[in-house]
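You will see two complexes here that share chain A, one where it goes with chain B and one where it goes with chain C.
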Partner chain A sequence: MVGLSAGEKHFIQGGIAQDLRADGRKRLNYRPIYVETGVIPQADGSAKVKMGATEVIASVKLDLARPNPSQPGKGKVSLFVSCSATAGPMFEGRGSEELSTELSVALQRCLLGGKSGAGAAFDPSCLSIVDGKLCWDAYIDGLVVSADGNLLDALGAAIKAALTNTRVPVANVPAGASLDEDPDVDLSSQETTRIDTSGVPVIVTLTKVGRHYIVDATSEEESQMSSAVSVSINKERRICGLTKRGGAGLDPSIILDMISVASHVSEQLMNKLDSEIAAAEADEQDT
Partner chain B sequence: MEYVNPEGIREDGRRPLEMRHLHAEIGTVARADGSAVFEMGNTKVIAAVYGPREVQNRSQQLNDQALVRCEYTMPNFSTGDRMRKPKGDRRSTEISLVIRQTMEACILTHLMPRSQIDIYVQVLSADGGTRSACINAATLALADAGIPMRDLVTSCSAGYLNSTPLLDLSYFEDSAGGPDVTVGILPKLDKVTLLQMDARLPIDIFEIVVQLATEGCKAVANYIHEVLLENTKQLEYRRGL
Partner chain C sequence: MAGRGGSTPATYSPSPATQNKKKKAPIFTDSDWVRPDTRGFTQCRPAFFRTGAVNAASGSAYAEIGDTKVIVSVFGPRESKKAMMYSDIGRLNCNVSYTTFATPVRGQGSDNKEFSSMLHKALEGAIILDSFPKTTVDVFALVLESGGSDLPVVISCASVALADAGIMMYDLVASVSVSCLGKNLIIDPVLEEESYQDGSLMISSMPSRDEVTQLTITGEWSAAKIHEAMTLCLDACSKLGKIMRSCLKEAALASQE
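Now for the complex of A and B:
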């Protein structure tokens, strides 16, 4: 990224202080969000989300597998994010490892729940085929195609849309088949079920610049941040995950204030996302 | 195994000399100097160009021409089975090299000495012909970045199954183990810059298949011309001309 001059930095900080950012937005406004589903034909579910110049793609692939012995009635879910070199030369070769790991871990914390499977974004028992013997493994992959700030929010939205777009094939296992070796699973019926994504949270990142917080920072604004707090909130206004980035220390009261602001913003974001996802799905049905 | 049924229709409903549906968009990655998305049927590829810019590694700097670098990556979700190692595997390295050499041949590198041009190609969805789609996307991205080139480079693949030459192989046809010829040409100058083939072909059939692939390249070139013309019209319109 090209460096910012002292004048530009002053302009960004001053604008945020006066509730008028460089692109005309107010502090708590998101950039226009554009959702498209079904972008990867080979995946079982996929979505592309654009927030301004930030573009991310999420895909969900399902593979047959044995469930975890400690959770026989549930499928396994894994999540990885990678940054494509198209987003910038700094992501070439192994340059993207650090950021990819950071994003993956933050999203896993928000969406995958604890070791017992409790608190996950969606109920993995919908992935089970035969209790204790056969289940679907869901691999959620995120790919950052173009980076202009606010990657975590965009990835959260893309994963939510991709999960909504996922069609889980209905697998018929013939009765009496031996399930200790690889069973003959009948996938010929074209029926599919959907995953209930009403519990999937959205992620709202609040970036603190000076004394104010902004939502949906561009990468120029992020370069001026002192710290950022990403809060993952679901429909019931409950917090599903929390991450703080940036070295500056924050007073606990400020963190609580940021959480309440995030909670307020999340409602608008959730509604906007739900309507965009529904529209994208309808578009996909038509084509 | 039947790849062309007795009526002459292939597995995806095309005729032997029919290409898949082409679709291209320019300027999708706003932060890149040039970018493009290119689709050939279900194969979808995004290319981004950064440059000409200062050389990052001084030891690689060339004093009389630009340094062209290319990286090709496939994410783990792009093929039917999830891949374990998306970057740095041997196939990716080979294809990066192929794309770099092909594009280097047509960029006027002597106009930009001591600088570096980076071409990053990311496969989003792979269904056969990824090499060709990458070259086509890279051409569009370079044009979008305004980098001077001798000519466009377009690429297409062709094969020979069930005694029929087939244009633009899909993954299903490619994995049949028959010959797969990839050709890259400079359409206006009518020169071949890339020619790769695997498996075996008798020489006279080889000529037919290469000719077919070249025709495919010319069809892609026509389409790319249209896309670039439309893009220029849009730019003129936005500038109020």
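Now for the complex of A and C:
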């Protein structure tokens, strides 16, 4: 990434203070969001999201597996993000490991909920086939193709779209079959069910530059941030996860203020995303 | 708990205001949770800190909070690797690892690979990086026994170790976590409580400056609950900060004699 001159830094900070950012947006405006679903035919669900120059792809793959003995009626969900070297030469080889781990952990925190499963994006019991014996393992993978800031929000949106796009095959287990060894599960039927994604939260990242917060920061604006708070909020305006990133200390009252601003912004983002995803799904079905 | 040496018993309880609040309006879920170590919901475990645990390091500290035992050593400031670019501020390198016997099931500690970057984020806001340009400070944390609420103990112990090493900081970083079990908020959870939790909130703050360096929330919360949990944690952080300071003062007095 090219460094910024002192003049450019001053321009960015001054613009944000006056509610006019470098690309003409206001502080709480998102860049145009484009959603495309079904981009990976081999995956059970996939989506590509573009926010300005940031482009991410999320895919959901389902595999048959035994459920966790502690949670026999639920499938397992695992989430992992990787950064492709196409996003920039600093992501080649080991370089992306730190960023990938950070993004993966933040997304896991926001989307997978607490240890008992409360606050999870969707109910994993819809992935169960036979209680205690057979379930679907959902592997959610995110890929950063092009990075221009606000990766977390874009990945959250892509995963939401990918989950909506996921078709879970209906597995017919022959009655009376022994399930101790690999069972003969009949997956030949073309029927699929969908996952209920009405509870999937959106992630809103508020970046604090100077004394003001902006939403959807570009990578130039992110380089000027003092700290950032990423909040995951669902339809009922309940907070499903929060991560504070960035080094500077923040007053607790400012954090609470950022949470309420994020809550306010999340409503518009949720509506925009829902309509984009619905449009993308409709497009995909037409083709 | 291991011997405290000459230090006064380091038990502490939250301010009367928060404790009364909990007692006046008890909120029970269908199973009335009694904490395994009979603490109140808003009572933290007694904390013990001792500096100078590792002689070879620039600074080190050992912390024992309940069953969680952590040792942290700080090396530096020392020369950055030649491969790294020139930097006019210092660099902080953190690493958190678990011993294989730390967890009840052998080797489970390797699930917590993200603790290193979380420790880094919690500390970088408190260290005055301009005071050691071109060099790196290494913080190595080892969890000897995982008894619940591991990362907060690691963060608190690391800031005591940094102080012991003489690294300039704006303030000590104290860290506390709160678990949400049904409708109850339980501070400083043990391993058993963490496995049943519906949500958790971990806060790292600089008590004297009243600033939060790190905040992570998992699970489903309402804004009001977050507010309640944050006030509870910040209060506990300031008390923990006082204990950390008294430990450092004792160590300084002892070395003067």
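Basically, the second predicted complex is superposed on the first by the 287 of 287 C-alpha atoms of A that agree within 3 Å, B and C clash if a C-alpha of one lies under 4 Å from a C-alpha of the other, contacts with A are read in each partner's own complex, and residues count from 1 in each chain.
One rule holds in what follows: a contact is a pair of C-beta atoms (placed from the backbone, for glycine too) under 8 Å apart; a residue touches a chain by one contact, two chains touch by 3 or more.
The structure presented is a predicted model; accordingly, all values stated were derived computationally and were not measured.
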- Task: Specify the outcome, clash or fit, for chain B and chain C once both structures are aligned onto chain A.
- Result: fit
- Is A:Arg245 touching the first partner chain B, the second partner chain C, both, or neither of them? second
- Query: Should A:Glu55 be classified as contacting the first partner (chain B), the second (chain C), both, or neither?
  - Reply: first
- Using the touch definition from the top, say if A:Gly7 reaches chain B (first), chain C (second), both or neither. neither
- Message: With both complexes superposed on chain A, which partner does A:Ser84 reach: first (chain B), second (chain C), both or neither?
- Response: first
- Report, please, how wide the angle is at the C-alpha centre of chain A between chain B and chain C, in steps of 10 degrees. 120
- Task: Quick one: classify A:Asp148 as touching chain B (first), chain C (second), both or neither.
- Result: first
- Message: Under the stated touch criterion, which partner chain does A:Ser263 make contact with: chain B (first), chain C (second), both, or neither?
- Response: second
- Rounded to whole Å, the nearest C-alpha atoms of chain B and chain C in the superposition sit apart by 10
- Touching residues (chain side chain A, partner chain B) in the complex: 39-43, 46, 53, 55, 57, 59, 61, 63, 80, 82, 84-89, 92-94, 139, 141, 143, 145-148
- What residues of chain C sit close enough to touch chain A in their complex? 113-114, 117, 121, 124-126, 170, 180, 194-200, 205-206, 209-223, 226-227, 230, 234
- Which residues of chain A touch chain C in the complex? 98, 101-102, 105, 109, 113-116, 118-119, 227, 229, 234, 238-252, 255-256, 259-260, 263
- So, in the complex, the side of chain B touching chain A is made of residues 28-32, 35, 42, 44, 46-48, 50, 56, 71, 73, 75-80, 82, 86-88, 118, 120-122, 124-127
